[in-house]
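What follows is a set of structures for review.
Look for subunit A in each of the two complexes below; its partner is subunit B in the first and subunit C in the second.
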Partner chain A sequence: MRTFAVLWRKEVDALFSSPIAYVLIAVFLIVMGYSFTLKLFITHSQSLVDLFFQMFVLILLTVPIITMRLVAEEKKLNTLEVLLTSPVTEPQIILAKFAASLALVAFMLGLSGVYAVVLALYGDPDWGPIFSGYLGLLLFAASLVGVGLLSSALTNNQIIAAVVSLSLFLLLWIIDEVAPLLPAPLDDVVLHLSLSGHFKPFATGSLYLSDVAFFLSSAFLTLFLAIRALSWR
Partner chain B sequence: MFFFGWLVAAILLFALALLLPSRLARSKVRGAVLSTLIVVGAVAVTAAGNVAIFRHDAHLDLSRDAANSPPSQLQSVLAGLNTEVSLFYFYNSSDANAYRAKELLTAAGRENRLFHFRAIDVDRDPAEARSFGVRDYNTSIVLAAGRRVVVENNTDLVAIAFAILRALKERVDVVCFITGHGEAVDVGSPQFRYNHLENLENHDKVGSSDVLEGAADGLDRFSLALTALGYQVRAITVAPSVSPDCKALVDIGPRQEYARGEAQLIADYLAKGGRFLVGLDPAFRLGDELGTLLKTAGLSSDPVTVIDPLNHAGPDDTKVAVPYYPPHPITRKIALTIFPDARPLRIANPLPGGINASVIAESSMESYQRSASQTSPATSDQPIGRGPAVLAAALEGHWPDGANENNEAFRLVLVGNANFASNAYFPYVSNGDLAVGIVRWLAEDAARPVATTQTYAQREIILTQNQIRAIFLSVELLLPLSVLGFGGLVWWRRR
Partner chain C sequence: MSKVIVAENLVKWYGPRPALRDVSFSIEEGEIVGLLGPNGSGKSSIFRILTGYLTPTAGTVSVAGYDVFRESLALRRQVGYVHENAPLYDHMRVVESLRFMARIKGVERRRVENAVASVIERLKLHKVSDLLTTKLSRGYRQRVAIAQALLNDPKILVLDEPTSGLDPNQVVSIRDFILSLAGRHTVLIASHVLSEIEQIASRVMILLDGVLLTQDALRLHQATQELSIRVAGSERDVRAVVSQIAGVQAIDTFRDVGDVPRYIVKVAPRPKLTEELASTIVSKGFALSELSPVARGLEQIFLDLTSQARDVAA
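Up next, the complex of A and B:
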């Protein structure tokens, strides 16, 4: 556990010492802040539902940038060999990188919690959908970070890692649009792979075990595969 | 609990997977084969786990007004399913109400294995709509056990719940409302108007909140509720004979005595296993005919009014309120009921052989009675009798004087009040549920809808100009600039 904590700290330091993290967070907050104020001032709505869908898209676009360098850069700079010869295991390395990347996304989401605070200061928002929306975004981010980590573990090139994970995310985002064109039961399978389909209930305050399981199990699976990819190397 | 149980199981499985050795075999080929098998196995386990959870899904609605859950009527109907039901919903995805109905029905479909739901966007798939003979948006087709019920131009899930009940009904029971004694029965076409909520919403919720316009003492609401449940409602006269296809007779609020021979016709009907609901006001004189009929079953009632100083609706103590009930199939899931101007009932002790009686509702211990003709407040305080008065009773058994050829048991419900089921009081708390529940018990109907109310409100935040400026500056400028400033500081120190 101590080794994991040391590795996690190292990864967090690496992420937060990079200007990319701050630029990403600032851009995220500017875009979301604009949407939030616009919606609040025009519609007087006390809901963050629309904002959650925009955060969903922004996370989908930013996670590949966060995860692309995680393993691929270490491979390119040959620092992975050094790391593997030290008394650490592959699961510890992968889990530390995963936890650090997720911490960055969580930090970003945490700052956007200011919007909920504003709603609470001036109104009486429904906290259920706000809580489930953030939970959904966190679980969604966990599964994306897992996929991004796996693609980074499979290649030495950061750009390829980013392009592969981004392409996969975009495909899984809009895959439910293709479902009606497919014959049964393929349409159902494709529908169940849709990222937006699994996220939508969270944003409106509906918590389905199947949606939680989808995001968590895909995070677990991709982490496991990333560990096997690192071991196979 | 199910959530956390699943979470612990998933984490344990993941932890076990991490215990697999990094090097699986000395031979590279064997290692590759084993690795491939492990990867395939992990993907298969994940997929199987997801499919299993999807089939046994659990749902938690965190919204304040349970806005993400289907209405209680639909939930109740689906929970009581014991046969497969298919619902095809033809909607327009740009209609927000239709889209919401589709989403809630999808959610309901996920939670019930016997409920098969399919939404068809009419604009995207017109051929599919045509194959079902559907031309209008928001049409629902319910299929159950070879029966088909169509609900047109409706996004109201309560209406769809009742459509499912109609489709589930194996037979169409006829409920016959007796007329000819001054009863306010009109089972023709009821008149509706839009309520103010629909005006606000540009009438886009078709039929969901129409308001019925009818006489206060009429029975239109009662009759419509029965029709929605799949009963056929008919107005009849007792003479010359009671139609044998009447599953139940209903006589609410007669104002004139029964004509000679009518009671015998009803007695003959009951002797053959008939069902009868009678609701009587205090001002009504039973007369020889109805009085004798009820007496044969062990029932009687004086023309007095029940006053309940403890449980009553509003300031009027003649509007007797009943909050608790003895256990009976009729009163299952019934909340408060109101009986305006009720008369007390008496149940003979002992009852005629072969008849069992149950009290359905009674007034409180502090209630008393006064003559129905006493209208002056000065005389109204003089009680005739004190103590709880029976307001409704249910009887079943074999009709005492009848030649019961088929050995079928009759059922009779006598309510010492006619107003409880009238248009004016039918919507009061559980009055409607009680009236419908009595008919369902009489007709031995196992379907079980529950009535609830829905809120149509949107909470808003109204801000002053200063507040708008402060929020914009802090959220749009201060927050992102602080992050950039902090990042710059970190970069400067590292440099």
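Up next, the complex of A and C:
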């Protein structure tokens, strides 16, 4: 546990020592702030539903940038060899990287919580969809970080890691569009792979076990595979 | 003295390519052993196996009594490894990097600062301890990497090409430091620079194309000796006289035009042999105008062994 904490701290320090984290946070806040303000003044609605869909897209675009260097860079600089010749296990390394990246996304989401606070100060928002929306975004981010981490563990080139995970996310984002064109039972399978399909209920305040399970299981599966990828050398 | 590293019949394949072929060796506690071989000969593969980073395709390795397959974590606590590129984390300052490594190497929390201060002292890192690792010169990077490996006072230190890319002064200081570790740690050091290894190691192993040619090249070095003699007179008679002397193994003749012939006499060293050789030649009435030992350095042994091995392979 202590080793995990030390590794986690190292990952967080690495994230925040590069300008990437600050740029991502800044862009996130600017885009969200603009949308929130515009939406509030035009519609005077007290919900964050539209904002959640925008955050969904922003997370989908930023996670590959956060995760691309996680393992690929350590391989390229040979620091991975230093870690793995120390008394440290592969699961500790992967889980620390996962937890640190997810913490950065959670931090960004936390900052956006200020919009909920504004709504609470000047109105009476329905808290159910707000909590479920944030829970959905967090679970969604966890599964994306898992995939990004896996693709980073499979290469020592950061750009390849980013391109692979981003393409996969974009594909799974819009995959439900093609579902009606496919014959049964393929259409059902494709529909179940859709990221937006699993996220929509969270944003609108409905919690389904299947959606929670989808994001959690893909996070577990990709973490497991990333650990295997690291052990396979 | 007990054996701290025992490797038996190590085989390592990278896909279809063999990197190590049936390599066996052992290392005693406190030894400084050099592993010599050209680039790509398998030195790093051996090191990666000894440090628990790679598992061999076949064979057994025990390091400090721990099996490389079953007790990898315990094994890694006993081994400090310095990678040839001296990799360090870009975002850390030297002292942060040392603290981080001390913690993941399992140094107790209250001992971390002591351990860090101690390696800073031993490797003279005071001047750079607050610098970002990216600001370090090659020599300092190497020293920080060595310092990291020593943080938990490991029994065994494995150094892969520790002086590559350093200037002569840095080479000397790293070499002296490694020599100062003798007795306190068992040191295994890889290099393709012969002169380097010769000055540091008490035993040299030679590796070529994944095959261990010798576990003790320095002893081979002492096992045969060559003497150069210049003797006037018929070659046949001289050869007859010299070959009578006990210990003489072979005689080669070199005849420079218009000069007294020169012979290279290969001998198994024994006391008084040189004197006996001289007195025998003189007593038989030959004019001996020169007698000197031929320096056969590690380099020659290395070249001999590698060319023999390549001949066998061809």
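As a working rule, the second predicted complex is superposed on the first by the 233 of 233 C-alpha atoms of A that agree within 3 Å, B and C clash if a C-alpha of one lies under 4 Å from a C-alpha of the other, contacts with A are read in each partner's own complex, and residues count from 1 in each chain.
As a working rule, a contact is a pair of C-beta atoms (placed from the backbone, for glycine too) under 8 Å apart; a residue touches a chain by one contact, two chains touch by 3 or more.
Computed from a prediction, not measured in an experiment: that's the story for all the values here.
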Subunit A as common anchor, with subunit B and subunit C clashing or fitting: fit
Touching partner for A:88 - first (subunit B), second (subunit C), both, neither: second
Partner chain(s) touched by A:7 [first = subunit B, second = subunit C, both, neither]: second
Partner chain in contact with A:79 - subunit B first, subunit C second, else both or neither: second
Touched subunit A residues, subunit B compared with subunit C: B
Touching partner for A:128 - first (subunit B), second (subunit C), both, neither: first
Contacts of A:44 with subunit B and subunit C, given as first, second, both or neither: first
C-alpha centroid angle, subunit C to subunit B via subunit A, nearest 10°: 150
Minimum C-alpha spacing, chains overlaid - subunit B and subunit C, in Å: 5
Intersection of the subunit A residues that touch subunit B with those that touch subunit C: 17, 89
Complex contacts: residues of subunit A adjacent to subunit C: 2-3, 6-7, 10, 13-14, 17-18, 77-79, 81-89, 233
In the complex, subunit C residues that touch subunit A: 48, 51-54, 73-74, 76-77, 79, 81, 83, 85, 87-92, 100-101, 103-106, 109, 148
For the subunit B and subunit A complex, residues of the former touching the latter: 2-3, 6-7, 10, 13-14, 17-18, 22-23, 31, 35, 38-39, 42-43, 46, 49-50, 53-54, 57-64, 67-68, 107, 110, 124-125, 458-463, 467-468, 471-472, 474-476, 479-481, 483-484, 486-488, 490-491, 494
Sites on subunit A touched by subunit B in the complex: 16-17, 19, 21-23, 25-27, 29-30, 33-34, 36-37, 40-41, 44-46, 89-91, 111, 114-115, 118-119, 122-126, 128-129, 131-132, 180, 192, 201, 204-210, 212-214, 216-218, 220-221, 223-225, 227-228, 231-232
